[in-house]
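Remarks on the structure that follows.
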Amino acid sequence: MVNPILIIAITLASAFFIGILQVYSKLWAKVFFFLVLIFDFVAAGANFYGFLSGKITSPILVKIGGFPPPIGINLFVGKAEAAMGFLIFTITLLGAYHLARRGIPEPQGKAMVLFLLLSLGAAGITFTGDFFNLFVFIEITSIAAYGLVASAKTEKSLEAAFKYMVIGSISSTFILLGVVFLYKATGSLNMLDIAKKVKTFPLTPVFSLISLVFFAGLLIELEVFPINGWALDVYQGADPVVVAVLTGAAVKAFYLIFIKAGGYLALPSFFQLSLIFGGGTYLVSQFLAWRQRDVRRLLGYSSVAQLGLLILSAGFFLNNSLPSSSRHFIALAIVLFVFNHSFAKSSLFLLVDNVETREMEGWKGILKRNPLFKFIFSTSVFSITGVPPFPGFWAKLLLIFAIPKEYAWVVGLILLGAVAEIVYYFRFYRIASDGEGEKVKKNLASPLAASLILITGGGVAWSMFSGYMGIMFNSLIIVFLMVAAAIYIFGFSKPLQWTASLVLLGYGIYRFLPSMKANLHGFFLALVFFGGAILLFATYPTSKRLSWSFYPAYLVVIFSLVGIALSTSWLNLFVYWELMSWSSFLLVNMGKKAKRAAWIYAIFSSAGAYSMLAGIYLLPKLSISKIGVTGVLIPVLLITGFLVKMATSPLHIWARDAYGESPDEFTPLLSGIMSKIGVFGSALVFLYVIANISSGPALRYGLAWLGVLTAFFMTLLAVFQEDLKKLLAYSSVGQVGYILLGLAIATPLGWNAALYHTVDHFIFKGLLFVAAAGIIYRVGTSYLPHMGGLIRRMPLTFLAVLIAIISLAGIPPMAGFAGKWLLYSALIEKQWVFITVVAFLASTLAFLYCFKILHTVFLGQLQDENKNAREVPFPIAAAETILLVATVAIGAFPRLLLDPINKVLNKIPGMKNSGLFYEKTLGAVSKLGHWNALFLMVFTVGSFIFALIFFALTSARVREVKQLDVGYAGEVPRQVEDLHFGYDLYAHFRRTVKWLIYPLVSKIWKGIYEWTGTFAEVLRRFYTGNINTYAAYVILISILILHFFAGGK
Amino acid sequence: MFFFASSIALILIGLYAVLVKRNIMKMVIGLSIMDTGVNILIISLGFIRGKTAPIINAKDLLVRTSSKVVDPVPQALVLTAIVIGVAVTAAALSIVMLMYSKKKSLEIEEYKELKW
Amino acid sequence: MGVKIFYAFIALIGGIAYGLLLGGISRKITARMQNRRGPTVFQNFIDVWKLFRKKTAISHGVMFYLAPIFRLLGGAGTFLLVPIVVGNFYLSNFSFGGDLIVIMYFMVMGCLGMALGAAESGHPHAPIGVTRGLAQMAGQELPFIISVVVLMIVDKTTSVEGIVMAQQGGILHWHIFTYPFAAIAAFISLLGMMTSYPFEIVMAPQEIAIGPPTEFSSTFLSYMFSGRSVFAVAKYVLFMDLFLGGATNLLWAFLKTFLIFLWPLFITDVFPRFKLEQSVSFFWTWPTLIGLIDLLRIYIVR
Amino acid sequence: MGKDKFLNEKPEKLTYSGVFKKIDNWARARSLWVVAYGTGCGAIELRPTFTSRFDAERFGMRMVGTPRQADVIVVSGYLTVKTLKRVIRVYEQMQSPKYVVALGACPINGGMYYDSYNAINRLDLYLPVDIWVTGCMPRPEAILAGFKRLQELIDDGKADGWKKYIEALDWYRGNQRKIIKNWRMPNYNW
Amino acid sequence: MRKWIAITFLLILGFFMLRIAGAFPFGENTWKVARQYVKNVTEEKWWVAEHYVDKGIKENRGSNLVTSIVVNYRGFDTLGEVTVLFLAATALAFLLSSCTCFRKYERIEASLILKTASDTLYPLLILFGAYIFIHGHLTPGGGFQGGTVIASAVMLMLLAHFSFHPNHEVLSVTEGLAGIVFAAIGLAGLIWGRSFLANNILPLGHWNRLFSAGVIPLIYIAIGFKVGSELSGLITDMFKVTKEE
């Protein structure tokens, strides 16, 4: 234990000493400066460690002057104070180191004194146990901050400093008045003493007013919504290093005193106060940042919003009516939030210091050339936005689950704000990662340290979280996830990475083989593992151009999927879900032109995930089993998250570009398996939630319409798509719509269809995307009109794609037909007439794009630039062959797939009797019809061979002609462009259905985005930049606080 | 009560300057007035009618002192508050001087570069 | 099974012959309607034989080579999957292979196979024709689907036999009378399926030569011709089974299919050609609306 | 440049023989599919020939849109270098057995354009003509008569201009090359 | 318009302030005021000031109770206060260090009266200031007041004479040393006494004597030096700036 007074006294004395020392030697002043900071850091750390390890059991009470508490001033250092002190000095040390490397502003001695005293003031605020002493330290902090904010001595920084100074003075006046009134009312200045006395008070309105005067001052310092113009200006105008320390350390100290004072003064309306101001600040600031183009101000808005969330949490923490367990969770959440925000935001501001430009446009492509910068930036952004496994994620989770159900709207508000946060942060991320930017200054040690601390903290938080929430994370999966991430170090050699990934996956299959039981979980687990292995195998040939982190992210996706499939609790599922979403975001973002797509993907998947989280929050219990809920809200919220991954309309607009622009090696996984895990989740929702609610049938009917309309419209859009992968993307989304339809039917036959189609769609769409990767690798483009005639160059791929397309179109005898047959049988059995019609029509429309793929890629004229294309590389060809064989085999023997599915469904109550049985001549027989797959296969292939032989024997002498030799009215075509019809194949049809393919949904989403942005833009004018106005806001809000929160008569 | 009212009036006058005046120097002056108002308020809160200053320089004050002197704590506090006010004013003035040196203007309208 | 295959083979030959004959009859009738003599009703046999016996042929590649086989397979397969006389061992062909859903999807195979072959020829007219055909298919399928769904739901079966069985018991039990609107929709859709005027936009001889088969010659063309003929017969038989109560013996089958055959023929000979936009719009409005009447009926009654 | 079956084929391999010979010829004669190359004014005469008024379809004849499926090419009118090139290509894209019908005076001796700098006076120097139908222009009746004659020839197995073209290809090519100065063979061979 | 809005706001704010202040009747004992709020106050030492007033002399032997509070009971505040002042001086020096951008500033020559008077008053004022802070524990006033008086002397000289340049280095060393002395006395209390800033490391002496009250006069003297030098430095800084072109 180190006496906290030592920290303060020695720092103070050192400040004075540096004042002397700098007159004689600047170097020694600097050395001394760092020695003091290190001493502070170590001392605060020792105290914190003491509390953490249990060596210090009771709070440290330092009686200054030796007087007992009410008489003299005393320092009060409990666990929270010790932690905060450590945080403050860590951040200060990081900031100081950064500043020293960059160059301390002249005159250095004075700057160092200011810096030292800033941290001292923050520490004093944290440690002190006396209200007036608090005021003194607030002033120390403020004046040091004024000086430092102005330290750049530019017009902007001076303006910011002046605004800060004026509003800060008003704020401290309020605080001082509050303190003096408190003294007058209680006869004491000691916090604990006042707290003790307040308990005996009849809480009269006047006393509330006194508290409110104090809190009004604090709220100004805490940058709550309408009165934070000054703070934003400071974030924008001041030296980023100073801002880093301010937001990371000083503001957090203010926050701590806010909580402490809230506890001591027992203001009756404290909860409402913090709810309104915290929640309002959080939500409004997140939205105000949408259109912000100045990076520093953007981060400022973000800081303010985070602070709002903290204030909100404080309200819940101090609400005595909540159960103590949830208050305990909230306390943990607050700790994590503070930790997360301090380090992440400091790290971001220190990064900002490395970049010259203020405009966001100037950040264009900055990540590309600066790998370390990219690492730190990503870590910080991910952590702030709450991406697992960073602390921000766990904090959000803890907070949400600690909020009692009657405040569910607060959870909604938090999640809404979180989505808005992701919108603008990832717009920033997108701009920063788009294209090739300039190199930046390399002053990255401090932010690097901060981000490493964040990562460590994330790990600690994960273990803490699982401990507290009582969720068992499968340790095996976590080990696999960690090993997967560790494959990063093999990045110098992609083949090595590939091999390692395959080995790891193989070992994973071996270890998880016992888990692949005949139930829903085991079914999807097997799909993930075997499918993932095949698709991973096919990534090899193109791996050279991949980034280092491709394979780690790929494997993290796969093992997160494993985690999802094995989850027994919704929360567990959610954690893996987020992990999967964000690692796949990284993968999508690796595509060259995928930045915008990845951004939209991030927005949608996080919005979906948060919707799911809201649903999970509302569930009465977390385990994945039958849950009795009422109302339609919970299932809708839950399933929305899964529908986003399935890209069900109207949540599909991310899918086209995310599929189309993501790296070719990853798209098969995205379409083949990741969309299926959405199916898994939806199946769980159908099974355990929707099945038990009274409005279940209506909801299922609605979802069925959603599924079938997705199938219809996506198919229609695929028809007019000119990019191979985007076409396949729409096709994929449409097919998943069928699966949703099958699930929504919710008869045994419907589920048979859905599960069958799930696997089958993986097989043929995986095949198609793998083939597309190969083709694009050989041809160098995914633009369909630039291909054509490739059948001569890649016959095997053509065969594979042909079979896959036949399967996709649902033409017997390939595997795809069985899914169609089961689905229609189920639909007709269910007697959903209109849906049946639309489903049929959609599948007819699919022929249009099926032909388009085959024609524009493989048939027609071979383009000159593709003359030298070769067959796809071996691993892709091998993967194609495996999937091809699977398609044909399942086509002939659908029971290969249907029997396991039946086994799975037999385990599920209510899904037992599908009425499907097998007969020798009629094949599969349902209640309605029959279909003999083996016969059809034998018949088709047999007749085909027979007809072929007959044809070959009887036909005229066939000669091969050159491709250009066509009956062309006697004309000599000399270039393929004259003959190849590959662009806009369905122009005529488009003219017909123009009204159907009007991009209504994307226009609506875009409209929402634009209008929110515009609204934010307009609302932002509220911050006029005029200090008079700011002051007027402060007075107005103070009046409102005094009027509405005083309570009593 | 007069003291309270007048000191609060001083605070409000200071705030008025901050809210309305377009000259940053005047705003600083306003802040200073506000400080003064607060100080007077503190002192007047500590006053007790019919009692003397808390300086015990006579023997008779030594017995039951508390019934004879006014509350010394506000006086001690105000001492600190005054110094802090001076410090803030000094800092403010230095910032204003720098601002003036950059733009040669004290008009608040000139300093609206940071907004939105 | 061997017997079954043998009889199926016989039926196939018969189907092809019947199809070719119907083609000839249609040419004759058309000619008579245009006040000319016209070719003999066996002209199509002569044409097929001539094409079959031509001496040389060209090929543009594997898919091109396989296209006529696909075409024939599609036509013949569909023909064999549809029971001509339900309950008759010899004349129900391979209808155990699948129900109506199977048939509907099997019908596409020939078209798709041929489309691929045509596309490989590298002639621009081929894909133009194919895309038109596919787009028109999207148009004509909607009314057809509606009527098929009506039948499947009211009969509570998806098998063709089941639907035929449901129509037994007199002429008034035929679906054409019990569900007249669905039947009208389906029969209008049949016009599109036959790709004859006014929906002749795939071949469109005046516009894109003859569309997809532009590059096919000789034996290739003869196979495709046969496939097309038998495919047409398959459709007639299917419509007979769906709407006209099937057939109890071969004679009835000939009669009913001939009646169905006459319907598109009369329309064909008196109408000019639609553009694709008009064609699809037509199918998606009038026949669809007509079909929806019955769909709504069963939706409400059920 | 792979092996060209067409040019290397022995003509006797393409002749008809065996039991089907009679039927083949009979069928071939009654199913003449015509690709009409409207080089000159004769094109206008073919329309009435094939439509209601004269109804060539009763003889099993019909127009087709593509040379691949045609049996007969009708060269209807005068030829120039420009059109000759195209006629040759169309002819070579047709599948054997195939026949050439020359319509009017122009393909025989140049007709009224006999002294034009650009007209080709004799078609049979360049392509093996099976039937000449004289007249300027021949009426549909004449054309039908010509086709009737062609049918008879086919029935008898005598219409073998296509065989001659294969046998004397070098001679025909020589003639063609003489008249077509910029002999730009396409980058594929026929 | 703006004015009226501002006035409205401020009047409402003033109303609330008055409402709070009005709850404490002017000139009443805080003890009694507290009684209004709390019905069952049985605790003797409700009012902290009572302790200061009653026990102050016994514990500190300083006759100026305010000084006792400022320097001893709430000495930590004072340490902070000194820091604030130091901070302000530092911030000012920091910000104005490179400020050379003032326009040409013409100083008016001081009048003879001012020059002569200030020459006379300068040592007297310094002496007076020293007197004030040395007797801080006995009479009204103390380190701050004394320091201010000294600074005013410096200011007077600066106004009167162009050529008057206090040695800046000496000033900063003085202020630093004085601060360190304050902190060191505090730390000495921690090491040898009860606690930080404890007043039991030196003999307390007798009431109302110059050498009494333990470390209080020492601290006040340090504060006096510190405030004096700081304010002087502050003023000098401002003058220096204005003197440069």
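Per-chain residue numbering starts at 1, and chain names A, B, C, D and E are given in the order in which the chains are listed.
We take it that a contact is a pair of C-beta atoms (placed from the backbone, for glycine too) under 8 Å apart; a residue touches a chain by one contact, two chains touch by 3 or more.
Since the structure is predicted, the reported quantities are computational estimates derived from the model, not experimental observations.
Chains that touch both chain C and chain E: A.
Chains making contact with chain B as well as with chain D: A.
Two chain pairs, C-D and A-B, are compared here, and A-B has more C-beta pairs in contact (counted per touch definition above). Distance from per-chain Cα centroids to the pooled protein Cα centroid is smallest for A. Note on chain placement: the centre of chain D and the centre of chain E lie 121 Å apart, centres being C-alpha means. Centre-to-centre, using mean CA coordinates, chain A is 53 Å away from chain C. For the pair chain B and chain E, the distance between mean C-alpha positions equals 14 Å. Note: centroid distance chain A to chain D, computed from Cα atoms, is 73 Å. In chain A, the residues that reach two or more other chains under the touch definition are 132, 136, 139, 143, 146-147, 150, 153, 177, 181, 184, 189, 956-957, 959-961, 964-965, 967, 1028, 1032, 1035.
Residue positions 53-58, 209, 214-215, 218 of chain C are each in touch with at least two other chains. Annotation for chain D: residues touching 2 or more other chains are 6, 9, 14, 66, 68, 95. A complete list of chain pairs in contact reads A-B, A-C, A-D, A-E, B-E, C-D. Those residues of chain B that touch chain E in the shared complex are 1-5, 8-9, 11-12, 15-16, 19-20, 41, 44-45, 47-50, 53-57, 62, 64-66, 69, 71-73, 75-77, 79-80, 82-84, 86-88, 90-91, 93-95, 97-98, 101-102. Those residues of chain C lying in contact with chain D across their complex are 27, 31, 34-40, 43, 46-47, 49-51, 53-58, 205, 209-210, 213-218, 221. Those residues of chain A that touch chain E in the shared complex are 3, 5-6, 9-10, 12-13, 15-17, 19-20, 23, 62-67, 70-73, 106-107, 110-111, 113-114, 117, 120, 124, 130, 132-133, 136-137, 139-140, 143-144, 146-147, 150-151, 153, 177, 181, 184-190, 193, 197, 200-202, 204, 206-207, 209-210, 213, 1028, 1032, 1035-1036, 1038-1039, 1042-1043. Residue ranges on chain A touching chain B, taken from their complex, read 132, 136, 139, 142-143, 146-147, 150, 153-156, 158-163, 165-166, 169-170, 172-173, 176-177, 180-181, 183-184, 189, 229, 232-233, 236-237, 292, 297, 1020-1021, 1023-1028, 1031-1032, 1035.
Those residues of chain D lying in contact with chain C across their complex are 6, 9, 14, 16, 20, 23-24, 27-28, 30-31, 33, 52, 55, 57-60, 64-66, 68-69, 71, 95-97.
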